[in-house]
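In the two complexes below, subunit A is the common chain; its partner is subunit B in one and subunit C in the other.
Take a look at the complex of A and B:
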């Protein structure tokens, strides 16, 4: 992940609808690369009154040399969600970790590009678990989309993001890049 | 150079002893008594953070506050202040011309959640500091085990020492983290004087060593043609300041050549162009104007740390500006305006913050197409 690039931006996935804990319908259609936030239309499925909308951004950390997840959620009227409301939307395993490690797991941080407070998953352990996940595959042999997919398969669990098999099959070029498949 | 000579004890005390005289006004919308309370005069340690001053401020204003729940925040001329930036850095950055005392407004209500991360208690600040320390450790060592492995007691002690400004207590614990100092070649020295191999992706059986140094840059552009920073327009939005949190990477064999200028050029190549900023020029000033550093007026300054150039007579420079490219006007670290030719290892060892980051304020001026000839 150490490529130097002249143009810097981040990956974003926006307008993800979260209905309720048991009926998660967050579906990743595609990621778009951008430097500013534009609205991206994604799959919507909602019959509930309490629809929360999430935006997810993947930003590269120069300090940790790994991708970092930034996200925020809001009500359908645009009102930002509180930490408690977001915690309720998280998968049970994740909210448990959040309760136990309040300051080191998921916190509010300044989004490096949007320059506003967004929630973020702390990246200090990322490099370690990515090494485990990728096994013996050297970073040089792995293309970025495979790396990101592997990364997302773990990070996605923290926030309840499910990656459809089709996306995995389309993007995975390297046979040894592995993914956790999330079953709800 | 022995470890003790790489960074001076004097410098450490200077950094820890630095403070900004603050005059804190309660926001008028929160004043419920007549007459309104006078502003609080308080010293804000440079290496500290504004929310840590709240226990001193709250009792001062509590009798006039409207009822409700507090989330304290500060503003300077309307700009909400990011509390996770050390007080000294905020002052250096936002007061182009140092203001004494620095007039700030405190709010106990109406926290702007869209632009500011809420700071509900000292814990927010503590964890922000610990996370910064972890990040610095990660940059330097490739992992943050040394910080994570600190015992609860040590972590507590480290934080308390920062809050109380107790540099000896801080050093007792921080020195065990072995995050510094760096040698003249900009690599980390352990106590035995042996270079520690930094873990970088370029590492191949130790043949090429890449050292990394934690740096946080704050870049502010001042309107062109200013004789005096006094006339600089106050910052009205954080969008006009570029914040760059990126390590400086050093290849071992080049480390001893690294000056402040070359380090900054690696992070801001467009600004540190060879044509716009020769080494012997600090910045352009109007003829006859003494270059001084007002930060030193209010407290003692070890001579060794004073920017040598400020002792001399006015700096006259020939500046020929032919393009719209921004050029560097000045660099400020810990309130000191630095000559760009100073060796980077010295800057890092002596001027870093307790979080092991070197926080650098860069002032640029984007001049229109014109030629200024002396």
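Take a look at the complex of A and C:
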């Protein structure tokens, strides 16, 4: 990522659909020792039958010198989703990571190209955990798709995007991950 | 009772490796059922180190999702009969 960029742009993954099923969830709390009654059950209704649409962009930060994730979600009528609504869409493990981890946290930031406030995972710890992930590998020996796959394995967990294990097989050096679209 | 398939019974040897300033575990090697999720390894580490925020990753430069099955991780990224899992704790900001 330290090589000179001849063109500016960002990677985008757009129109990811999150379908909120209208289902009843039965939550049984039978493990708490402090409850007076066992088998306390809570019925939760999901009142909306909505499809939420998400756009994800990977933008290079020249100040932090790392990629940064920008994303936003909206309802099918274009109405933007609030941070609470987005957190509701996340799987429980991702919400936990966002709330408790000191490696990644979600804030609002101005998207440098779209020029509007998008949600972003703050990049201040990225360089530190990327160093851990890459071990001793020098940046010179790393192609961009390898770097991004490592980066995505962490960032993806925070926002509920799962990278297939097969993609993480890095035995071939050339960029085989052609799922990215580069926007200028 | 029908016999279980060999895959589900298979145990995977996991070797936990401290990196950065993370404390080294006295017992760093253990066996876990291949059918277990990676989450179990993460939770084991959290309990042993008494820390909730850990950075856990494998040598192939990625951090596995807690939902991945240990046997899949071993088949893809294990070597020498074990799966090496690295962990780190605190990290300075900025």
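The criterion applied here is as follows: the second predicted complex is superposed on the first by the 125 of 184 C-alpha atoms of A that agree within 3 Å, B and C clash if a C-alpha of one lies under 4 Å from a C-alpha of the other, contacts with A are read in each partner's own complex, and residues count from 1 in each chain.
One rule holds for everything that comes next: a residue touches a chain if its C-beta (ideal position, glycine included) is under 8 Å from a C-beta of that chain, and two chains touch if they have at least 3 such contacts.
This is a predicted model, so every value here is computed, not measured.
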Problem - Touch count on subunit A, higher of subunit B and subunit C - result: C
Exercise for the section: Mind working out whether A:154 is in touch with subunit B, subunit C, both or neither, as first, second, both or neither? Expected result: second
Exercise for the section: Classify the contacts of A:124 with the two partner chains as first (subunit B alone), second (subunit C alone), both, or neither. Expected result: both
Practice task
Applying the touch criterion given at the start, work out whether A:80 contacts subunit B, subunit C, both or neither, answering first, second, both or neither.
Solution key: first
Exercise for the section: Scan A:104 for contacts with subunit B and subunit C and give back first, second, both or neither. Expected result: first
Handout entry: Contacts of A:132 with subunit B and subunit C, given as first, second, both or neither
Key = second
Practice task
Kindly classify A:115 by the partners it touches after superposition: subunit B alone (first), subunit C alone (second), both, or neither?
Solution key: first
Problem - Contact residues of subunit A, present in both the subunit B and the subunit C interface - result: 103, 124
Problem - Residues of subunit A defined as touching subunit B within the complex - result: 2, 62-65, 80, 103-104, 107-110, 112, 115-117, 122, 124, 127, 139
Fill in the blank from the handout: subunit A contacts subunit C in the complex at 93, 100-103, 124-125, 128-129, 132-135, 137, 146, 149-150, 153-154, 156-157, 162-163, 165-166, 168-170
Fill in the blank from the handout: In their shared complex, subunit A is touched by residues of subunit B numbered 82, 84, 113-118, 123, 127, 130-131, 134-135, 138-139, 143-144, 148, 201, 214, 238-239, 243, 245-247
Problem - For the subunit C and subunit A complex, residues of the former touching the latter - result: 19-20, 39, 52-53, 55, 57, 59-68, 72-73, 76-77, 86, 88, 91-94
